[in-house]
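Shared chain: subunit A. Partners: subunit B in the first complex, subunit C in the second.
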Partner chain A sequence: MILKINGLVKNFKNESVLNDINYEFVSGNIYGILGRNGSGKSVLLKIISGLYKQDQGKVLFDEINYNDSNDFPKDVGISIEDPSFLNDLTGFDNLELLASIQNKIGKDDINKILDIVNLTEEKDKKYKKYSLGMKQKLSLAQAFMENPKVILLDEPFNGIDRISVDKIKNYLINLKKKDVLIIITTHIKDDIAGLCDVLLELEDGKIKNYEGSKE
Partner chain B sequence: MKVVKNSIKYFFKTDWSKWIIVFIFLISLLSLGAYRDIVDLFTALLRSYSDNSFIAFIFLILAVNTLYLYKTLFYSNNYLIRTNNRFKYLKYTLLTNLIISFIYYLISFLFVLLFALFKIKGGIDLNIIFNYGILGFLYFLYHYFKVFIILFVILNISRYILLTFKSLTYVAFIFILILFIINFNFPISLDPNAIYKFNILFPYYFFPLNFNSLKVDATYLLGELCILYSFNIILKNYYLYIKKVKFKLLNLKFLKLEYYNFIKDNIKYFILFFIIEAFMILTYSFLTPNNNVMYFSLNLIKAQNDIFIILNKLFSILFIIFIIILNLKYIYGYGKAYLILRTDNKKVLFFVILSIILNILFINLFLLFIGIIISFIRGLNISFNFNTFVNILFLEIYIGLLINFIFYNKYRILCFFSLIFIILFIISFKLQLINILLFAIILLLSIKLLKIQDME
Partner chain C sequence: MKKFLKNNYLVIIIFIICIFLGYFYLFGEFKSTYLNSDDINNAFEMMCQSDEMKTSKECQDYFINGPYEDAERDVLFIFYYLLDSSPLRILSFTMSFLISLVSLKKISTIFNNGQTKLYLTREKYSVFIKKTLLNSLKYIFLFPIIFIILYLGCLWLGKGNFDVSYLIDSSASMIPYQYASLGPWFIVLFTYSLIINVIIYILLGLISLRIVNNYYVSIIISYILFLVMAISGEIFGELIFYECFNIDIHNYLNFIGIFEFSDIPNYYLYTGIRILIIFILTGIIYLLYRNKEKLINYTEKKWEILK
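Now for the complex of A and B:
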């Protein structure tokens, strides 16, 4: 599957955030997008997933343009900023509630995914009692759980411990082999250096290959 | 749907949901005040659910709960994106909210029933139940569900306001709705005598109890629902519109040309209207001997029982509707009646709204002019009430914009009926009700439409 971005432009009020982005993401690869705070990484992912609308340009999933209608692209798992789970529910219940929207997976699949992000022990704790890292893990579990074909991760390793990070990275590499398209953003290059097949940089609203990526 | 079931299940696990029940309990205490000197159970229940402050509080609680739901359960991007489609998102969340609200509404009934049984002297008299109670029971049942349905439709309107605008607007909007429900007079007119009583839930003629009053009530309910439902549709489309549809460049030249044609045509109809109106007013002034209070067109509002005046009013309204449809036909080009909320350009939108307002203003000034001339010719005393004039002017503009907003959509028949009901309301002098309702919603819409920005 190919995710094609054509002449994407996005402004907020008078502030230009994305300015003519053109790129073709091909499945079976992990892409890393680097950029300073406020460079528009999160906005880019939100436009790709249909949460924001672009001012100009197109986002094409295998030539299908979801963004101009009221549809969202199918089979996309996202973990973008503020995941907003329900405080009063346990981690597991939160996932189950989300899973019941599409009704594709059952309790076993949820448990499997919780194991992958190393959250099994805390799955019956209420979300409001989660630590920062646990919250982030739950957000990742949520993005992975329905076997999506495209995964968009915004600063995925924030606050997560080394052991879990390695486990999640291995999982991502496995997914890649199953022809999943993965896009990761971060402002810390070391976070994703070994993981990504292609390193990109978002600067001044434009996307380009990261220089010095072949260190 | 599994997600609705699950959402409800998990919602009632939260602390919040329990607090809401406590508040409902407290509010049900309010209803106790309505039980003085009542012996019949159903009458007591009916009183509670006709008590405006009680209903207003119930509504407030449901509204706050809706706000909560949309800020937590339905808030996350993860929820939204999994629905695959914004329509489905609206549908799932609507259903969930409906069921949760209804559960709370049922709970309120349990509390009220409890207090009523406790308070009414002598408990339930079987004799009363048989002689009077069946009708009372039926009426209560009808009234109970009626109140819920109306509250929920209004709640749904407020839901779209919440999704579409900022939370602050939502709060302001809820405030206005509460004012409605507790029968406050929200003065648009500065003349204290011109303020009529209105009541959105129409509970004031449930005494004496008979099926005739039920009939009248049901008719009004239908009308209310039509109007409220049209707002629902407008707001829903507007929400989807600002979320997704983009503007393209506008061909202004073409538009100008069309507008000249339109004005040319309009003048033709104005003259026709002038002749008919003049004829009607002249006939009227000849037919009625002591008409020292002469007013014209829509503004003959005080003399209620005069068929002639009602006909005249109807004629003016139909004419205005006609003008607006004509207007649409022209402005959207080649009679294609473009969908306004899907229109390609905000300038077109601005143009349409402006021209509707101007048209209506012109029509009214025209009528004023005719009225003055005829009064001079006939040597009549003119009584010109500026407030009424302004009120009616606004009303017409709202109607115009309303038609404009709903003209395109697939629920045309419904929209048609709501217009008919608006007209009925006008005839029955519910002017303030309509004005404020339309004012609250359409003003918001048009202001927002004119300066559309990125909403994210």
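Now for the complex of A and C:
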């Protein structure tokens, strides 16, 4: 799988958020994109996943462009800012509801993924009783559960305990070995240090190789 | 079962209240006022006991002819009274509110917690939006089913009698002869027009939900839109069509008196106007919901006003 971004431009009103982004992401790698708050990391992931539409440019998954037809790219798992589920359903039921849309996986697969994100004990609790970290884990679980070929994660380790973070990182490394393409955005370099094969930086609407801390 | 009750408790409450009020009226007040003769016979018995009244013409007639027998009324007469005199008559101007209450609940939950994004990474936008909007349209059958069940009560009380001569003779009937003469088929016409009106209410609700992303406020806004439509109907009917062009279609544009069929001799025009409104509202909904990105932005922010 090759995810190619060509001349991507996105403006909100008169403000330029992404300005002529060109990059080629290749499966079997973990990419980390660093950027300060408001640098456009989430917008980039939303465009890649087809939630937002770019003003110019193309996003091609193995040369297929989904974005022009209000479609969604197949086999993409995404965990993006403000994870939200139905308050009155349990964590498990929320995942089951989402899984029922594509009908690719069953209850066993859901249980397996809940174990990977360390949420098995809380799976029968109602979502409204979840802590911030548990909500984040559930968001990651829904991104992983349907065995996607591309995984997009926005600030994935927010509020998650160290043990669970390590477990999830190991899982991501295993997925990479299975030729899955993983893109992680964050504003904290330490979160993804040692995990990513390629470290990029999003600044002034452009993407470039990370050149180290400027502080 | 528990899940079904939890998801549909509003529908169940409205259903039970309407059926209870309808049947309570039919077998209580209506039956004793219009069908049973016990009250009138008791009154004569009392009155004619006194020496003064015994010789009166009324009492003499009563003694000769005997007690009054129970009256018989046709099914449509009873149905007409149910619509016009029972507590259910308030539905003509509260149905829009109640329909928004039930039809916006689920869709509002989906829009209000940012879950839309999770759906849209799993299905096409067109499929998602069609599925979500159609979900609210399933409530078009709530009130038609309620009225069909109440109609069965009328059928029971009227003993299946569709001789509508008494109904036509009674003053200010809401059901003119051309419709009353349909007999048992009148309920089909009534149900059809009810469904058309309910579709309008649901579409108004969907428009209001895209104006403000809050369940309770969107219900209020949808009711305000309904009132605006009703007032506009009056203004167009009275001031523009009648005053300017001398065309009297005032009753066809009456969106509050949905149970009144008097003064609307042309049923096709009546439904045609409403179907035209449905097309216009559908077009507005298409414009409001066609942009995937705007909808996602909108659903991420509570209390967001249209943008």
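A few comments on the model shown:
One rule holds in what follows: the second predicted complex is superposed on the first by the 212 of 215 C-alpha atoms of A that agree within 3 Å, B and C clash if a C-alpha of one lies under 4 Å from a C-alpha of the other, contacts with A are read in each partner's own complex, and residues count from 1 in each chain.
The working rule: contacts are C-beta pairs under 8 Å (C-beta built on N, C-alpha and C of every residue); 3 or more make two chains touch, one makes a residue touch a chain.
The structure displayed is predicted, hence computed values, not measured ones.
Taken together in the superposed arrangement on subunit A, subunit B and subunit C clash. When the two complexes are overlaid on their common chain A, residue A:86 makes contact with subunit B and with subunit C alike.
With both structures placed on the common chain, the touch criterion links A:57 to neither subunit B nor subunit C. By the touch criterion defined above, A:78 reaches both subunit B and subunit C.
Of the two partner chains, subunit B is the only one touched by A:103; subunit C is not. By the touch criterion defined above, A:13 lies against subunit B but remains apart from subunit C after alignment on the C-alpha atoms of chain A. Contacts of A:49 after superposition: both subunit B and subunit C are touched. Subunit A is touched at more residues by one of its partners, and among subunit B and subunit C that partner is B.
Note on the chain A alignment: of 19-27, 37-45, 55-63 or 163-171, the part of subunit C that runs into subunit B is 19-27. Shared contact residues on subunit A (touching subunit B in one structure, subunit C in the other): 46, 49-53, 70-72, 76, 78, 80, 83-87, 98, 101-102, 142, 146. Of all residues in subunit A, only 46, 49-53, 70-72, 76-78, 80, 82-87, 98, 101-102, 142, 146 touch subunit C in the complex they form. Across the interface of their complex, subunit A is touched by residues 2-3, 5-7, 10, 13-16, 72-73, 75-87, 92, 240, 243-244, 246, 453-454, 456 of subunit B. Per the touch definition, subunit C reaches subunit A in the complex via residues 109, 113-115, 117-126, 292-293, 296, 300. Taken together, the subunit A residues at the contact with subunit B in this complex read 11-13, 46, 49-53, 55, 67-72, 74, 76, 78, 80, 83-89, 93, 96-98, 100-103, 142, 146.
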